[in-house]
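Look for chain A in each of the two complexes below; its partner is chain B in the first and chain C in the second.
== the complex of A and B ==
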């Protein structure tokens, strides 16, 4: 008698599908992911490969790399990379840097913790356009903030806080911070609080506890949060137009791609810019995740308890 | 045994409230240097709260803690110099075993070469020298807890606090590590406060046992004293008196009492441990103190402390069996015997009056 004969059989004499899949280490529930895989294939991988191909077929001819050469030889276009990085890197860094101590505090029992978390996370529900609108109303030359400063005699003329780098940066902080906090908080709440208590009984004061125990244990969450915050900020578009200076200091790379596609109708060039954008993001993500894998990224609690 | 680093730890009137609930209420305890004291009690009795208060991880609501005459209850944990071992080990998962053990020495700014030597010697003491470069996740539960012990003892703390350190381990490891703990204590002479809900751990490890109930200590004594002379029904239940039979007083004379069981259908003589005022009583008897006889070989049924019963449940336990028997009025008796009995067998159960303790029910 074979071992398989002992397993339950369906009327047709075959073992149920779930059992046959289990033999190959497949859980039927995993099949639920198939629609998502199909969507990603159709809406992401295929367009991406299509765009990649398109970028090597320049409208004006001149060889497969002509678009890339044109982008990098034109200083105005090329500078969009550094302009975007100048916005996205500090914004992501600041969002994460502020989230870390807050998430660290919110791990412990705290009065009003739920309210504080709600208030901090709520802006994630605001759209970029709504935030840009608010920024113009509040920080614009005629906005309340500047009116108050002038009325108090703190400044002679309104500060220029919108339609420049500051406006876009502020918008990236408002929309990016809740995301970063959520991610870091989610990870930090999985860290065994006894590790920090153990560090305290071993003679480590609060600063030492943070840097030698909590921070290293939070680092995997921090790096993921940074990567996602960076990618979101790097693709900035509406706020760069609405509260920035879209022909000057905040002409970010997505504006260059937009102009190529919908003002010059050069889809090939637009695809090229999109590919360059993806490449820059990949370089930053690779650098962060590479640095992270050199550091510890295992379990966040000591044992089976 | 080496000289302990402290002479006296004094805990006076310690009270800890969580909201309206009192986890500890006027807790007093004195511990001499080098002593191993176990805080024993069921979950929620306040024993872990007391340990956390000692470690400085919880602020006191009232009371004082002093070490050799110096108040320490206001100090943060990092300035108390106590070692602590946690139930879930609480190792630093991102650090190797060596770095885990060295953590406290680094914090204390001990010289590099000295750190290395002291870590080596601590790891040898817990027999983990060859695991120095591994990470906690690569070790078994028992090994992880030994790393946690090395991490605490390497600092030669004035006091070492252990919060149910063996509870997460399986039965075999638990006994092994228990012996290890006792050996470490004997070799190093560390003053130890050990929290547990397991009476056998407390009995085998401690020099003195404190039994807690609802935030108060109900008995303090040597393992032998607590085991043979429990102060009340609560402690007796903890110390293996599995038979706590509801009883009423019939008569009491010169330290002996005769009580009625099962609505007066049976009577039992034992040692009177009541204050003489209690109405509701319990007669406490250990299963191993009950002697079973087959009905045919029964002693005089009218004799002293002889109860006829019917075997209900038999559990095989190797060289003897655990028997649950039913007597008149539905009275359940737990006994152990080497007799070969089967459910339904008629038996008689006998107990020496010196092995029966009569307590007030709420004692």
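== the complex of A and C ==
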């Protein structure tokens, strides 16, 4: 560390370059970021590029695109994309749609807000494995949820809520909803309440204030929350195996990739599926962030500067 | 920012929340969610202490024998040691490597800074299972996976950017004049870092470290893909125990789940004393404002 932040004491011949770089803010301090860049480069970028290259070298031969052709021509494999989308899109949309009005209500300091956010962080922290394990018990035929439904007279016999689509969907809501709400809430708390007060003095009612003032200002936060909620749901793995039907309706794309890598030991095919997964995610991230860059992102926080 | 609101505004908001029908509906939705999550956790805890429990509101009898059973059957002690080793190593490395990078991002603007931010943002945006499979392939190729080293390396990928994005706003709010003053008084760079910046950063380092700890404990996918049989962390051991359920009683798995919950809750509760929960998911987006 000591070498990095020292003043440039290079020989006179090199000083102009160092000085020119320093004008742009590049000095030895910037080198402090190098170890972090190296770690991410070696453990994230390089494996990704390696996997991309590997996906074009099929184990069985048959041309550069053989793996991709095999994936898309096999109906069982191809259907994992639609199965994953059928879980991830509704889950992400529901999580965000419910979070928006709640975050809007909670955006100002309220009594008990900290307790509420603490309770919300619990499922995020517990992670999908524990939530799935809990759902097996709680949503099971003899679990409290079904007992309550029967006791209330809503159903005659216990519903089957695990080992199918519903179980996985529930696990995506339990871990995804708090994440979406906390993200949107974090963004909404930074919006200057004076914007709404100004609209109110101009005679706008609560509904109009929400749709023409608050909602557009919340949209950047909402779009980020949607992206993260969708991407997390799209990569669902443990709960799809544990509370889903991993050979049928919830055989999501991550299960297909895992099986290729660790059951058939075809790392080339596994990389192919991982790349397809990444491509779908990046398309969604890119589309939403592209739309987001067109949104208004001016002063949302207070201050008179 | 919003904390600077007058108390009057807060009071007005609460009144509106209490009287409007939509407020009641939203409160009901939240209550339904919270009650179900709590019931889910409590039913796992009950089950772990139940001698038997079949479709009745409460178990027939209580026992602690499933904990002893889980401790012996699932090699709980070994698993806890591995979990502690992995978390400590990931915490230490990500703080040592991440803090200088956070300092650079907080103090300097330079060409390529946006690209650097994107580089650190990508491992957070892309889910672990997506990059975990190519990462595990590479680690197996270099003979690093299937060992403790592999698990630590894989867990660094999401931990390091997390440390950077937690620490950057923290360092930004430390007045740069403090550093300048120290330099004026003749402190060397190393002294500025060790005697001025580090003490000021301790709360931030502590918060970042605890949050990394919580994340490593809950990180299933990467550990699952890179761990060999002898280096599973608690969450991976829990996953495998569910699949061996045919030969093991469900209550023993629930006992395992309770132990996992406790190891996660303790650092979480300590972390929550230092940070606002929204900060745990919202990384202050400076680059968005730039």
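The rule we apply is simple: the second predicted complex is superposed on the first by the 263 of 305 C-alpha atoms of A that agree within 3 Å, B and C clash if a C-alpha of one lies under 4 Å from a C-alpha of the other, contacts with A are read in each partner's own complex, and residues count from 1 in each chain.
By definition in this document, a contact is a pair of C-beta atoms (placed from the backbone, for glycine too) under 8 Å apart; a residue touches a chain by one contact, two chains touch by 3 or more.
Note that the structure is predicted; figures quoted are calculated from it, not measured.
Asks: If we overlay the two complexes on their shared chain A, which of chain B and chain C does A:200 touch? Say first, second, both or neither.
Replies: Once the two structures are laid over each other on A, A:200 reaches chain B alone.
Asks: For A:116, is the partner it touches chain B (first), chain C (second), both, or none of the two (neither)?
Replies: second
Asks: Determine, under the contact definition given at the top, whether A:85 touches first (chain B), second (chain C), both, or neither.
Replies: neither
Asks: Of the partners chain B and chain C, which touch A:19 in the superposed model: first, second, both, neither?
Replies: Touch partners of A:19: none, neither chain B nor chain C.
Asks: Residues of chain A touched by chain B versus by chain C: which partner has the larger set?
Replies: After superposition, C is the partner touching more of chain A.
Asks: Once the structures are superposed on A, label A:93 by its partner contacts, choosing first (chain B), second (chain C), both or neither.
Replies: neither
Asks: Would you check which partner chain A:217 touches, where first means chain B only, second means chain C only, and both and neither mean what they say?
Replies: Touch partner of A:217: chain B, not chain C.
Asks: Applying the touch criterion given at the start, work out whether A:149 contacts chain B, chain C, both or neither, answering first, second, both or neither.
Replies: Neither partner.
Asks: Considering only the touch criterion stated at the top, classify A:288 as touching first (chain B), second (chain C), both, or neither.
Replies: Touch status of A:288: no partner.
Asks: On chain A, what residues does chain B touch that chain C touches as well?
Replies: The answer is residues 301-302 of chain A.
Asks: Which of the residues in chain B come into contact with chain A in the complex?
Replies: Per the stated touch rule, the residues are 55-57, 76-84, 86-94, 103-104, 107-108, 135-137, 141, 144, 148, 151-152, 155, 161, 168.
Asks: How about chain C: which of its residues touch chain A in the complex?
Replies: Touch residues, chain C against chain A: 1-5, 9-10, 13-14, 17, 22-23, 26, 29-30, 33-34, 36-41, 43-44, 47, 53-55, 57, 97-98, 100-101, 103-105, 107-111, 116, 119-120, 122-123, 125-131, 133-140, 153-154, 156-157, 160-161, 164, 188-190, 192-193, 214, 218-221, 224-225, 235, 238-239, 242, 250, 253-254, 257, 260-261, 264-265, 268, 272, 276-282, 285, 288-289.
Asks: Inside the complex, what are the residues of chain A that reach chain B?
Replies: For this pair, the touching residues of chain A are 192, 194-195, 197-205, 208, 212-213, 216-217, 295-296, 298-305.
Asks: Touching residues of chain A toward chain C in the complex: what are they?
Replies: So the residues of chain A in touch with chain C come to 1-2, 4-6, 24-27, 29-30, 32-33, 35-37, 39-41, 43-48, 50-52, 54, 98, 101-102, 105, 107-111, 114, 116-138, 141-145, 147, 174, 177, 179, 182-183, 185-187, 189-191, 193, 220, 224, 227-228, 231-232, 234-235, 237-238, 242, 254, 257-258, 261-262, 267, 270-271, 273-274, 277-278, 281, 285, 297, 301-302.
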